[in-house]
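Here the chain labels run A, B and C in written order, and each chain numbers its own residues starting at 1.
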Amino acid sequence: MTHLSLAEINGYLRQLGEGALITLELFLTSFALAFVMGVFIALATLSRGRIVTAAWRIYASIFMGVPSLLVIFLVYYGGSAMLIGLFGAWGRSIDVSPFGAGVAALSIVYAAYIAELVRGAIDNLPKGQFEAARALALPRGVLWGKVILPQAMRLALPGLVNVWSFMLKETPLVSLAGLQDLVASAKIAAGATKEPFIFFIATALLFIAFSGLTLKLAMRLEKRLDRGQNRDEAPASEVAA
Amino acid sequence: MTGLPIDLTLARDSLPALLVGLRTTVFVVALSLLFGLALAFPICFARMSKLRFPALMAETFVVFFRGAPVLILLYLVYYGFGQIDALRNGPLWILFGSAWGCAIVALSLNHAAYMTEILRGSLLAVPRGIVEASEALGVSQRNIFLHVKMPLAIRYGLKAYQNEVVSFIKGTAVVSVVTITDLAAVANGIFEETYDPFTPILCAAALYWAFVNLVRIGFDLWGRWLDRHKMDRERAPVPVLQNVPTRGRLLRQIGRVRGRVL
Amino acid sequence: MSALTSMPPAPLAVPADVAIALTGVEKRYGTHRALAGIDLAVGRGERIVICGPSGSGKSTLIRCINGLERHDGGRIVVNGIELTSEDGTVQDVRQEVGMVFQHFNLFPHLNALENCMLAPRLNRGLSRAQAETLAMKHLERVHLADHVRKYPGRLSGGQQQRVAIARALCMEPRILLFDEPTSALDPEWSTRCSASWRNWRRAV
């Protein structure tokens, strides 16, 4: 059936491997950025005045109501123009690559989701936590860094896992802006070898395996975090299937 | 630079084309939601069946079509099934012979996989006692499903369904890769003609935003109607679904859920 | 090991005037024997009350009688129909047996009236109007005529229980099983209920 030489197969495999690395790099960078931005936005918008809250609502509504693909296109096509507009001549020297555009777009979009999650988690912490910390006269930094955020992160973890796997499935969109990622390589290989099933199914399975694997790790992390905690509040891992 | 440079004349001129694209997007969405939901029922029954083999098949289906990115599914169906010569003369060619057929197949399978899990979670959330009460009244299994389980499951799963539909709509923006000129494709085309990086994309984004929020409002009204007529919020809270995978915007509930919301 | 053995010994054959006959009924949950060799015979028109401490298997016994639980041993004959593993027999028995649950289990998406109308419409094919007349009749009997449009979430515990009673009566069963029939009722209602059950022709 297959009329491929070993060398050809090797070549395609190497190309796929390189594509997979690019996809992984894109995904991890975007997620890390989105996470940092999301937490920052959550802290910046929580219990602030009406204007800040309204601005946050608009940001969230826009980026949760618009396809990520369009955000990617917008950043990629319009990126240079925006940079020149923002920084003048200095902006002209920055070249917008598909990779950079992808990272920027994905992290902007998913920062909104993560901020929503973290805000929800902080909102749902028992009020007593704030009061106890205040009673102990803890400085603000300690209150947020050592008391509130760790607990909020535990609450937000299942949702973060969710964002993680959903964002992973959207990273291939950047290939439509010209990034030579895993899916683009698979498409080339499938076209050249006339073996679409092998390459596309293998690619899909790679995605599924990666997300399954990281999910297992996340569940372990949850168990770890729950150890010796929350005796009265049922730990989330109990309902995890 | 003050604000984003939107060329108002271009926006006005390209609006008719964008609306045609929007109509295509609405068609793609409507058809896939319909077929996906219809597929989800038998798959869900198989998944919940006590028989080993159907349950395993259904689970495999769900894992694959939920776990694979939509873009790959589109490529797989379009370049895969669309190129099989053996299909060319069979009846399935109606589906796989056209870009539309391939797009609807790929998207429906993806949606069906998500809906299977939402349906399963909602059906499992129906309290056993209520099913038993119907059994004790001598109501047949079929009628229990139609008149007791499904009405309750719809209430329990509505939020998850809404999230899924909303993010599914946004996800369909990739169908242009199989040559369907949906809203995103039209905007892209205008960009390639005019090299205006902002106007067409932003206009398309606004239309997507309006579409998505219209759907969201529709779901909200539906949910409120179900709640007001049928249920008392204070005393009989709708159980928040655990273990129901949704993509997109489930996250507001997260603090309340405290469980995995995959 | 708790079992119910308060009943007089059951006859082996089932005479026509016996509505429910149990011989040596066993029910196990894992290693736990919830029912250990129950013998029971209830005549037509007879009313009996089964008492026992919590967890002694009262609910389990009742659930076995209308086939919500499969018994693991012994025989159950209800109204001349033996409960076997065939699905059809369970369905036949349930048409004859009404049941009021310990936790009511009303349908939360239907109001009191619709709760009562569901089974008559689906099982007996009554029209909406017929079913409504029937349901109103029984809801009036439990003095709920003013609350028929309310959803279960808006009813008090006692009202919910009365809806559950009316719902069971609407199937006009020849046998009625009550699991803790007055647990949610105030003393006055309890007396009133027992009085009205005395009027109910055939009850268990």
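To be clear about the criterion, contacts are C-beta pairs under 8 Å (C-beta built on N, C-alpha and C of every residue); 3 or more make two chains touch, one makes a residue touch a chain.
Remember, predicted model here, so these are calculated numbers, not experimental data.
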{"item": "Farthest-lying chain, centroid of Cα atoms versus that of chain C", "value": "A"}
{"item": "Chain occupying the most central position, where position means C-alpha average", "value": "B"}
{"item": "Distance between chain centroids, defined by C-alpha means - chain B, chain C (Å)", "value": "43"}
{"item": "Distance between the centres, which are taken as Cα means, of chain B and chain A, whole angstrom", "value": "21"}
{"item": "Intercentroid distance (Cα basis), chain C paired with chain A, Å", "value": "55"}
{"item": "Touching residues (chain side chain B, partner chain A) in the complex", "value": "1, 4-5, 63-64, 67-73, 75-76, 79-80, 83, 166-167, 170-174, 177, 184, 187-188, 191, 197-198, 201-202, 204-205, 208-209, 212-213, 242-243, 245-262"}
{"item": "Parts of chain C lying in touch with chain B, wherever the complex brings them together", "value": "66, 68, 91, 94-95, 97-99, 101, 103, 105-110, 118-119, 122-123, 151-154, 164, 167-168, 171"}
{"item": "In the complex, chain B residues that touch chain C", "value": "127, 129-130, 132-140, 143, 147-148, 151-152, 155, 230-236"}
{"item": "Partner chain B, residues of chain A touching it in the complex", "value": "61-62, 64-71, 73-74, 77-78, 81-82, 85-86, 113, 116-117, 120-121, 123-124, 155-156, 158-159, 161-163, 165-166, 168-173, 175-176, 183, 186-187, 190-191, 194, 196-197, 200-201, 203-204, 207-208, 211-212, 215, 219, 233-234, 236-237, 239-241"}
